[in-house]
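Two complexes are shown next, each including chain A; its partner changes from chain B in the first to chain C in the second.
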Partner chain A sequence: MRKRHTTKDRLITVALHVALAAGLFFAAFPIYWMLTSSFKSNTEIFALPPTILPKAFTLEAYAAILGDPVKLRFFFNSYFVAFAVTVLTVLIALLAAYGFSRFNFRGKGSLNTLIISTQTIPPITLLIPFFGLVVSYRIFDTYTALILTYLVFTLPYAILLMTGYLNTLPRDLDEAVAVDGGTSWTALWRVIVPISLPGIVATSVYTFLLCWNEFLFALTLTKSTSMRTVPIGIQLLMGQHAFEWNQMMAMSVLGSLPLLLIYLIAQRFFLAGMTAGSVK
Partner chain B sequence: MTRQKRSRHRLKRTVAPYLYLSPSLVIIGLLMLLPMVAVISYSFQNSAVLRRDPSFAGLKHYQAIFADPVFWASLWHTLYFTCMSVIFHMTIGMIFALMLNSDRINPTLRNILRVLYILPWLFTAVIIAVIWRLLLEPNGVVNSILMQLGIIGSKIEWFSSPETALHAVTFANIWAGYPLFMVSLLAGLQGIPKDFYEAADIDGAKAYQKLIFITIPQLMPIIISISLLDFIWTMQVFPLIWITTGGGPIYSTEVLSTYTYKLAFSSYNLSQASASAVVILLISLGLTLFYIRYQKAR
Partner chain C sequence: MAEVILENICKTYGNSFRAIDRLNLSIEDGEFLILVGPSGCGKSTALRMIAGLEDITSGSLRIGGVDVVDMPPKDRDIAMVFQSYALYPHMTVFENIAFSMRLAGKPKAERKKRVDEIAKTLQLTSLLDSKPANLSGGQRQRVAMGRAMVREPAAFLMDEPLSNLDAKLRVQMRAEITSLQKQLGVTTIYVTHDQTEAMTMGDRVAVLKGGVLQQVDTPKRLYESPVNAFVAGFIGSPSMNLFEATLTGDELTAGTFAIRLQDAAFARRPSLKSYAGRKIVFGIRPEHLYDSSLDSGRKYQTLPAKVTSIEELGSEHIVHLNIDAVRVDSGDPDAVKDFGLASNAVAKFEPESAVRSGSEIRLALDDTKLHFFDPETHVAI
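Right, the complex of A and B next:
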C-alpha cells in the first residue's frame, strides 16, 4: 500500500506517464509514419518540414496497388499458400498432439525433444537441400514447393501448441468413450475436436502468421512473378519503380492487414501462439 | 470385456500413438532430417547439387570458408547484431512490462498502451525493413527531425554508409523484436504472488530493492529461456538485412545468413554455401541443446 499523495509520489506518477508517452512514440511512430505515408503523394512524403498528417489526402497509392492484377496476384498467392498450409498443419498436428497427449509409448520423450529442437533449425541450412530437391522433383516455382517446405516449419510449433492445449483437457471425457466401446479415433472426433476449438484457432492463427511472414523460401523456390507472395512482391516493388514510396507503404499496409485484424479480433489466441514454447 | 477383447484393445493402445504420429514423423523425417543429412554431405562434395556425380572434397570447403575474411566479418556482425538485439529486447521489454504493470496508471490506459506497444511485433520482417528504409532515407523524417533538433549537422545515409549501416539494421531489429519479451515478462509479473511484496513492504523495502530482490529473481526463468530463443532466432535473421542493406555497403552488414545465401544463389557455389550452412546449424544446435537442458532442469 502506497502512502497517499505526497509530492514525491505525484512526481513519480508524472515521470511514469512521461516515460509511457516516450515509449509510445518509440513503438508506434514508425507505424504511424507508414500509415500516413500511404495516404500521401510521393512528393509529400519527403516534404520539408515533414507533414504529420497528409496535407493532400489521396488514395492513389491504394488504387495503383488494387488496380494492378500482378499485385493482386501476390495477395492471392500469399492467402492461398497460407490457408493451404494452415489446414494441412492443423490436421496433421492435431493427430500428433492427440498421440502425445493421450498415450504413453516407447520413445515419447525423445520424440518430444526432437520436435522441440526442430523449432530452432536455421531455415538457411535447409534452403540448399530444399532447392536441390525442388529442382530435381520438378516442382520449382510451384505452390507445391512452397506448401511442402512451409509445412516443415509450421508443424513443430503446431504440435507443441496443440499438445499443450490437449493436456489441459480432462481425460475422463475420452475414457467415457472407451467405456462405451468406442475407439480412440471416435473419441478424437466426437469428443476432443469439438471442445478443442480454442486450441485449434490459436494454432491456426500462429501457423497462418508464420506462412504469411515467410520470405527466404518464397524468394528462392519461386521465380515467375505470378508465383510470388506479398513479401517478395514488396521487394520487387522496391526494385522496379524508382521508389514509389507511397505505393510501397500502401502495399505494406495491405500486407499487414490480416495479422492486424487477427490480432485485434482474437488477441487472446494470437498471444497464445506467439508466446508458445517460450513460456510454460 | 472378454480376455481376447481386452488384449486386442491393449494392442490397439500400443500401436495407436505411432499411427497418430506417423504423418508428422514422415514429414519431419523426409523434409527436415533428410535434408540436414544432405546439406552435410554436400559440404564434403565438389560442385554439389549442380553435378550428378560430385567428387569427394574432404574438408576443402570448410578450409575455404575459414580462410575467407568475409566469413569472419559476417560471424562478427552476426554476433554484434544478435547480442545487441537480445540485450535491448530484454531491457526495453522489461521496462515496458514494469511500466504497464504499475498500479499508478489507470486500467483503460494500460490496456490501450499494451495493444500499442505490441504493434511492432505484428509486422513482417520485409515490411519492417521497408518502413525503416523510408524513415532513415537521407531525405527522410528521422534525419529532418534530428537536424531540426540540432543533434546532427548534415544528412546521414544510415543504411548506405559503412560506419552506420550495422547499427541502423540492429536498431531496426531491436524495434521489431522487444514485444516478445514484454508480453512474456508481463505474464510473468502477474504470476508473482502479491504477498512477496507485502512482506517486503512490512520490512520497509524500497522500490529498487523489491525490483532487485523479488521481481528479477522471480522472472529469471522467463528471462533466460526467452533470451536463448531470441538469440537463436535473431542469429538466423535474413529478410530484414537482405531488404535494408543486402549485406553491404562493402560487407559492413554481412551476416552468416546473407553470406551463405550469396555463396549459394549469387555465386552458385553450393558446396561452399553448404559448409557455411553447416556451421550455422552447429551453432544453432549447440544453443538448442543448452536451451533444452535448461527447460528440462526447470
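Right, the complex of A and C next:
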C-alpha cells in the first residue's frame, strides 16, 4: 500500500531541504570563494561590491606561484615532510600494532594506556618544550626537526588505529602461516600487510593530512624561507605592505589538490571486504 | 607418516585453569583418530598443542619418534586444517596451496607439478586461479585440505573442518575426507564435537571431558561398552537414557515398575551382585526401547510410559516419553536437548508405530542391552 503524504510530511521535507541547503552553502562557499578568487586579479578581489564570478579570468596568480622557485620549495618541503612522516608512521605503527594485537608481553596494558593518554595532551602545550629540545639537539630549522616532532603526534593515533584494524583479522591466518613453515615476520609481511591495505591507507591518509595541514610547529621549528611548508608559505604572502590575495588563494588551491587526489585514489581501499573468503 | 605419542600432557593457563589433565594417547602410523567431546572439553587445545600453536605445560609429545615439545609448528612435520579454513584471502587457490612450498624455497616447476597433482585429487583444477572469496564453502574446505596435503606431512591435524558446512555437504565431505585419509594413509587427528562424525570417520575415538580423557576405543566398542555414564550419554544419538533404580535380588525397581534381569547380566558383570539392595544407575539406548504393540517389541518385558511428543522422521519415530523413574544426568551438556520438560526418556520406534502424543503405552525394553553404572562415580559396572 502506498503511504499517503500529508501536508505536515511535505512541510517537514521542505524544512529539511532548506536546512541542508544552508549547511551546504556554509561548507562550500569558502571553497568556491577560494577557487574563484584564485582566477581573479588582485585588483578585482579588492573591488566593491565583490564579484561572484571573475570578470576577467586570469591565471596570473598560478603563474606567479609556479614560476617562483621559492614558492615551489614550500611545496617540496610539505611533500617531503608529509611523505617521510607517513612512511615512518605506517612502518612503526604496523610493527607496534602487530605486537599489541598478536603478542602478550609484560606491561602491554600499561603501554596501551600510556599511548591513549598521550592523545589527551593539547599539542600547543608542548610547543615550547619541543622548541627547546629541537634547539638543544641542534636540529632547529631542519626536516629532521619537523619529521621527529610530527611522528610524536601521528604515532599514538596510528598505532591505535592499526591495532584496532589488526584485531579484526583472524588469528587463524597467523597460525596457518606458522604451520605452513613461516615465522611471525613472514605472517606479517606476506599475509597481514597485504590484507591490511584499508587500515594502512586510512592511517596514511590521516597522517599525510595532519602533516600537510600543520601550521604551528612548522612555524616555530623552522626559520629560513627554504625550510617553510605550504601553510607557512601562504601566510608569508601577507606582506607588510601588500596582501597577495589571489596568490594566497591559488596557493591554497594548489595545496588542497594533493589532498583531494589522495582521497580519490584511496577511496577504493576504504571499501571493506579485504578478508572475504578467508574464514568461513 | 608417523606415530604420534602423547604422554602425561598437561595444559595449565596462567589463572591455574587446567585445560588438559595428564593426557595419554598413542596414535599409530596411518591411523585416523577422532578427538571428541562437548564444548570446552579441551579437544581443540589438545590438537593445538600437538600442532605447536599452544605451549605444553608438562608432559612429552613425540611425532615420528622425535620429541617435538620445544619445536615451533613449522619443524613438527604436521599440517593443519583450521575450523575457519584460514585461507589467505589475497592469494589464488594455487598460491594458497603452494604457499608452504614457496616458503620452503621449492622451485617453481616442482610447486606447479605438486599443486596440479593435488588439485586433480581434490577436483580443484578449474579453480586454481580463483580467490577464496569466489569459492563455495565446500570448495574452500577442499583448498584447506589441499594446503595441508601439499606438505606431505607426518600427520594431519584437523580442527572441526566440517562445522561451517551445511548438513548435506557435511555428509558428503565426511565421506571424502575418510576416503582421502585411507588413500593417503597419513596419521590423522581430527577434532569434532559431532559424535556422528566421530563414529563414522575414525578408526578410534578418544572422548574427552573437562580436559580428562575418558575412553579411547573403536566406535563400536565405545557404543557397546562405554566406561562411564558420560561416554554412554555422549556417544549415540539420541543419547542413552540413564535412570536411578534399586537392585533388589534380580530386579531393578524404580517408581512403580520393576525390570527383571537375566542371569547372563550378572554373569557378564560379577560386581553387579555387590549392588544388591543399593541404588544403581541403569542405562538403555533409545534404539533398544520398542513399541510393545509391534512384533519387534512383543518378546520383551514392558513398563508403563506416557508419550509426550513424537518426531516422525520417515525412517523412524523419535518418541519422547515419561516413565516413573528419576533421570540421571550423564554430564553431557548436549544431552539435555533430547529431553523436553515433560519427558525423561527417548525411544526410537519403527515408522509403523501408531503411538500418539499423550497416550499411555507399554514400553518394551531389551534387558540384554542394559548398561549399569555406579551411582556415585558413574563408572560402568
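Heads up, the rule we're going with is that the second predicted complex is superposed on the first by the 256 of 280 C-alpha atoms of A that agree within 3 Å, B and C clash if a C-alpha of one lies under 4 Å from a C-alpha of the other, contacts with A are read in each partner's own complex, and residues count from 1 in each chain.
FYI, a residue touches a chain if its C-beta (ideal position, glycine included) is under 8 Å from a C-beta of that chain, and two chains touch if they have at least 3 such contacts.
These numbers were taken from a predicted model, which means no experiment stands behind them.
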item: Contacts of A:P170 with chain B and chain C, given as first, second, both or neither; value: second
item: Partner contacting more residues of chain A (chain B vs chain C); value: B
item: Touched partner set for A:L133, first chain B, second chain C, both or neither; value: first
item: Touched partner set for A:V179, first chain B, second chain C, both or neither; value: second
item: Partner chain(s) touched by A:L24 [first = chain B, second = chain C, both, neither]; value: first
item: Touched partner set for A:V191, first chain B, second chain C, both or neither; value: second
item: Where chain A meets both chain C and chain B, residue numbers; value: 183, 274-275, 277-280
item: Footprint of chain B on chain A - complex, ascending; value: 1-2, 12-13, 16-17, 19-20, 23-24, 26-28, 30-31, 33-34, 37, 45-46, 48-50, 92-93, 95-96, 98-100, 102-105, 108, 111, 113-118, 120-133, 135, 148-149, 151-152, 155-156, 159, 183-184, 212-213, 215-216, 220, 230-231, 234-235, 238, 245, 248-249, 252, 255-256, 259-260, 263-264, 267, 271, 274-275, 277-280
item: Residue numbers on chain C that touch chain A, as the complex places them; value: 51-53, 72-74, 78-80, 82-90, 99-100, 103-104, 131-135, 137, 140, 147, 151, 164
item: Residues of chain A touching chain C in the complex; value: 170, 172-173, 175-183, 186, 191, 194-195, 273-280
item: Residues of chain B defined as touching chain A within the complex; value: 12-14, 16-21, 23-25, 27-28, 31-32, 34-36, 38-39, 42, 48-49, 95-96, 99, 102-105, 109, 113, 115-127, 130-135, 137, 139-141, 144-145, 148, 175, 180, 183-184, 187-188, 201, 222, 225-226, 229, 232-233, 235-236, 238-239, 242-243, 256-257, 260-261, 264-265, 270, 273-274, 277-278, 280-281, 284-285, 287-289, 291-292, 295, 298
